[in-house]
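For reference, the structure is listed below as structure tokens.
Each chain gets a letter, A, B, C and D, in the order it is written, and its residues are counted from 1.
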Amino acid sequence: MTKVGIIGGTGYTGSELSRILCTHPDIELAALTSRQNAGKKVSDIHTHLKGYLDDLCFTEKISDTKDLDFVFVATPHGVAMQELPALADAGIKVIDLSGDYRIHDIPTYEKWYGHKHTDPEHLEKAVYGLPEFFRDKIKGADIVANPGCYATSAILACAPLMKSGLVEEEIIVDAKSGTSGAGMVPSPRLHHPTCGESIIPYSVGKHRHTPEIEMVVDMFAGGHSKVMFVPQLIPIVRGILSSCYFDLKKDVSDEEISAVYEKQYAGEPFVHYVKEPSIRAVVGSNHAHVASQVLGDKVVAFGVLDNLVKGASGQAVQCMNLMLGLKETAGLNLPGLGV
Amino acid sequence: MTKVGIIGGTGYTGSELSRILCTHPDIELAALTSRQNAGKKVSDIHTHLKGYLDDLCFTEKISDTKDLDFVFVATPHGVAMQELPALADAGIKVIDLSGDYRIHDIPTYEKWYGHKHTDPEHLEKAVYGLPEFFRDKIKGADIVANPGCYATSAILACAPLMKSGLVEEEIIVDAKSGTSGAGMVPSPRLHHPTCGESIIPYSVGKHRHTPEIEMVVDMFAGGHSKVMFVPQLIPIVRGILSSCYFDLKKDVSDEEISAVYEKQYAGEPFVHYVKEPSIRAVVGSNHAHVASQVLGDKVVAFGVLDNLVKGASGQAVQCMNLMLGLKETAGLNLPGLGV
Amino acid sequence: MTKVGIIGGTGYTGSELSRILCTHPDIELAALTSRQNAGKKVSDIHTHLKGYLDDLCFTEKISDTKDLDFVFVATPHGVAMQELPALADAGIKVIDLSGDYRIHDIPTYEKWYGHKHTDPEHLEKAVYGLPEFFRDKIKGADIVANPGCYATSAILACAPLMKSGLVEEEIIVDAKSGTSGAGMVPSPRLHHPTCGESIIPYSVGKHRHTPEIEMVVDMFAGGHSKVMFVPQLIPIVRGILSSCYFDLKKDVSDEEISAVYEKQYAGEPFVHYVKEPSIRAVVGSNHAHVASQVLGDKVVAFGVLDNLVKGASGQAVQCMNLMLGLKETAGLNLPGLGV
Amino acid sequence: MTKVGIIGGTGYTGSELSRILCTHPDIELAALTSRQNAGKKVSDIHTHLKGYLDDLCFTEKISDTKDLDFVFVATPHGVAMQELPALADAGIKVIDLSGDYRIHDIPTYEKWYGHKHTDPEHLEKAVYGLPEFFRDKIKGADIVANPGCYATSAILACAPLMKSGLVEEEIIVDAKSGTSGAGMVPSPRLHHPTCGESIIPYSVGKHRHTPEIEMVVDMFAGGHSKVMFVPQLIPIVRGILSSCYFDLKKDVSDEEISAVYEKQYAGEPFVHYVKEPSIRAVVGSNHAHVASQVLGDKVVAFGVLDNLVKGASGQAVQCMNLMLGLKETAGLNLPGLGV
């Protein structure tokens, strides 16, 4: 059985990986690292894992555990590119959940992330881990850069239309995210009295998922797409709704647009083209909803998902399954909560 | 002292009018009608009014109270145009909070509202009650059509740019509203388990505030503006954030756009151009925030307000003050909650 | 493979049963009834089930499906006792999720539920479906009455102390429930503007889970226990926290009380005695948390669960597993969301 | 006009004091201190005060402003007792919003607050600022200790019954508070992903309002009352509901208990005895609701208020009005939001 480790086991994506992997039928979750919790029982810190990982303790470093076959790097960006090289060079397959290996253009990375990229060598080999569009590449990859939560929701809504050639290359993405997307570190914006009864635009024009969405959408635009990305925090814990606006190149019916999406996602286990997208229908699961509507000479398309699952750890497990030759849905074969 | 009545005293806008008017220094709230609560004490139904309107009881019809000088019609659209004619013809000044007297083009009204307009005579005289843009007309009006909540938030953000001539005439309004905007009648979408942990797009391309925003923005566009309006329900009780997207006609700096807004709202008591718009800063008050940011060849502008106050009953009281020659801020001179 | 049906497939408990059963390894979900949705595809109504029950359609009556081995009755009380007799008499094992078969004392049932009990015959055979206390009886049962959500949370916290003999027989249960516990029918109390930013006591002294808690706790009290039950609605979708207050009979340490719970729940797969109970740790799962603290001559004990899972449909599946001789955790072996 | 200052102008209680005082008819808000914001415009930090305190800037120390007649100390406990002596000795009337001057028994203070009390001299003179029970003393006081938010909600529900002699002296207070009660400093418990969809018991048996409630209730118990206080965080921004449980000494009807409360609060401008207590009815205002219900040989009484207004800054202004011989309701004469 494949032995899997997680670097960064206390944060939300690391915790969510543990939640999914602890019942995964084909792998053994053998290591979680945490500097602050090293030595403690995982299920004493993550009490939702009581009954699942009761014998596992956090370790200080990933190298404390021998013979790992696969490692998830669930650290902040900047830290990830310090951890990944040694693993990759040791022949361990890796998925990085930070932004460090997503942007292949190094100047773009350095401009948006504000520091040098110190690992161009492995960056070159990293595959962008969005299975619905890069399934084959992921299957053959040793290093996968797991997409951002906002980026996944936007790309699922945007890429099919871009491929279709029916829309112009300027896109507006008005995105709304639950608060868990911001991570576990308390901050003034995430303080409940501030955000609990409000909707807060932030990082307008500065959010790092902007170049990521542009990079991927651009692959399908066949030219130079341009994304205006406006993220907004809403008072829910899990879930993203990205409302994406396009100009139609010509008169196109609602049915034609629907057909584009239906064709794209017909065989997908986790992405569903629906009439009424619903966060509650996908929350807690690796499923995503896409919906669209033509209004005059424009289209709005909605991408909906659970930011911690299809927007992070679930998608990473989906990629792991592909990389390991397992069933793509293994460990993820569950519907959303619904209510 | 001016005697004021409210038709429709149990709904949210009627209740909110009572809340504001019960401490207004220059008027007497003399009548609230309610078919279902006729005869009951107002403060037994609206327990937040205990200590304020303890002697007032709901009446069945507005004509049950004599010598009213001013009446607010806070009924659903369709009903309002059955109530208003008699009042107006009796020389009573009236503000209608429904959509019945907002749209002056009757075919447009009938298309969006789905029924005949039965009172074209008074419609012609009705003034659109947005003081920041139509203050003088409101002062001289006998009939005012109080703007919609979404419409107010969008117009405050859009009209200055339209007037400036710096932006193209196609606008995307991605609006997010708290649940009280939908009124007091329970429905599946407003059921807490459905909307309490979600964000729900609805009435996309079909919401009645679309032609209202277009009508008003158009006055400043000097041509034919076009608004794509996408409303979304968010799990807060009070508050709207409308994110409005424009294409710039030419290279314009962030400072130039800011200057447009600052000039527009410099002397306004209730509308503030700010760096970081905040629902919590205006909630419970008649204040509104507007903010903007240039991103490449586009601008996003945010309009923020409390849908029940500046988006409904507070704005109506502001209009009443103008119509009666009172201080515009009378009864409304309070900051938002902040937290 | 066991063929399972659900009567009442559109409501929250029926929908939640489908969500759990559609990936259950040992049974086939073969029928969901719904008068209003008969003929429609289940996954068109419950969009979270897309990809799972895509071939199943709602039927009008449970008898429309032949050869069912097991049926869940997920209808309102009063209706359940009209449906159950035919099934039971046909030799189909049944779990009723309503209150109809919980209270064995018929006058008590009729007093609290306000109508006649029309099926005393099967009532007599019904076993109360709380596996942690009645596992063996459930294994041998043909009819199980699935406990109420509030009742489960309270009993898990109360029963061990009652059995211990350390506490007096009067208990105060101050319970707080998320809104999904009230079902899917919109109502003024569940209207988001009413409950979304509030906590609302309701049915104080009149809630039907009162006699249910008393009945079960009494089995362990060995005398006549008395429960004061005060339910309160809180603005979360899923989750219950019941704070239960007891008078100690004598000086008892915090450790002694902890030992009582630890002994009780040591081997349980789904109930965990913890230091800090957390709704987020159990939400979406069949797990429950219990915690306690001695304060002077009193103890407070907390019972925490997801009202739709351990408080309803998950517990029902746990009982089904026992009744069918399956692994008790089959289909339920998942941790809570954690965040 | 009375010149008023606030020490600690950035925190929630200081900000809320500013919100109330900026439209108070009889005083001038002349100073707000803030170490971190000294020199900045108040309305640039507290954007809800735009249009109200536009000329006022934060100062470093309260002594930077001359000729103040009245000062509110809105600092954390421990700090307050370092600030108050100089003010009081200079003949400035003072209200302290921290816990430093509430508990007159110094060993009790030191046990619960964990540090020495360094100002026993002024502590002796401090009057507990709950006008409904200590109005006359407050009128004559130079130093007022403003009650805690939880304490106010509990005492309003408990004191009348204690005075009545109808109930035993042991009380259970199961209290639920919105998140703003915890102040503006971000922390893991107040992090939205943690508390936004949960209810969290905390500081059980250790919360500092316990001895405060006991001290005050004891004045009416005529003996030694004992309070078991269990605070719980709920996901609303403003509002407290305290559910208080009593044993009746003898058979007492619901009507007799109601009569006790009605007599107590009949003439009060801000406290209302109601059938159905509602946070939304009082939120944003200085009003409070009290309700009660007899169940067998016990009573539950509910105390409901906005923790930042009647639970903190509004009550402080009410006390200030009394101390200055102003109308008790000046600046506070507003109903709650209702919705």
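Following the convention adopted for this analysis, a residue touches a chain if its C-beta (ideal position, glycine included) is under 8 Å from a C-beta of that chain, and two chains touch if they have at least 3 such contacts.
All values derive from a computational prediction rather than experimental measurement.
Name the chain pair with more contacting C-beta pairs, choosing from B-C and A-C.
A-C
Copies subunit A, subunit B: same or different interface, half of numbers shared as the threshold?
The interface is built from the same residue numbers on each side, given that over half of them are used by both copies.
What's the distance between the Cα centroids of subunit B and subunit C, rounded to whole Å?
45
Which whole number of Å gives the spacing of the CA centres of subunit A and subunit B?
Chain centroid spacing, subunit A to subunit B, equals 40 Å.
As a quick test, compute the distance in whole Å between the mean CA positions of subunit A and subunit C.
That gives a centre separation of 35 Å.
What parts of subunit B, by residue number, touch at least two of the other chains?
Residues 12, 180, 184, 193, 197, 235-238, 278, 280, 339 of subunit B each touch two or more of the other chains.
Spell out the residues on subunit A that touch subunit B in their complex, using ranges where they run on.
Residue list for subunit A touching subunit B: 170, 172, 174, 176, 193-194, 197-201, 204-205, 226, 228, 230, 232, 234-239, 241, 243, 245, 277-280, 283, 291, 293, 295-296, 298, 300, 302, 339.
Quick one: which bits of subunit D touch subunit B in the complex? Just the residue numbers, please.
Contacts found on subunit D: 12, 15-16, 19, 22-23, 46-52, 180, 184, 197, 237-238, 269-270, 272, 274, 276, 278, 280-282, 284-285, 287, 289, 308, 333-339.
Which residues of subunit D touch subunit A in the complex?
On the subunit D side, the touching residues are 12, 178-180, 182, 184, 186-188, 190-193, 195-197, 235-237.
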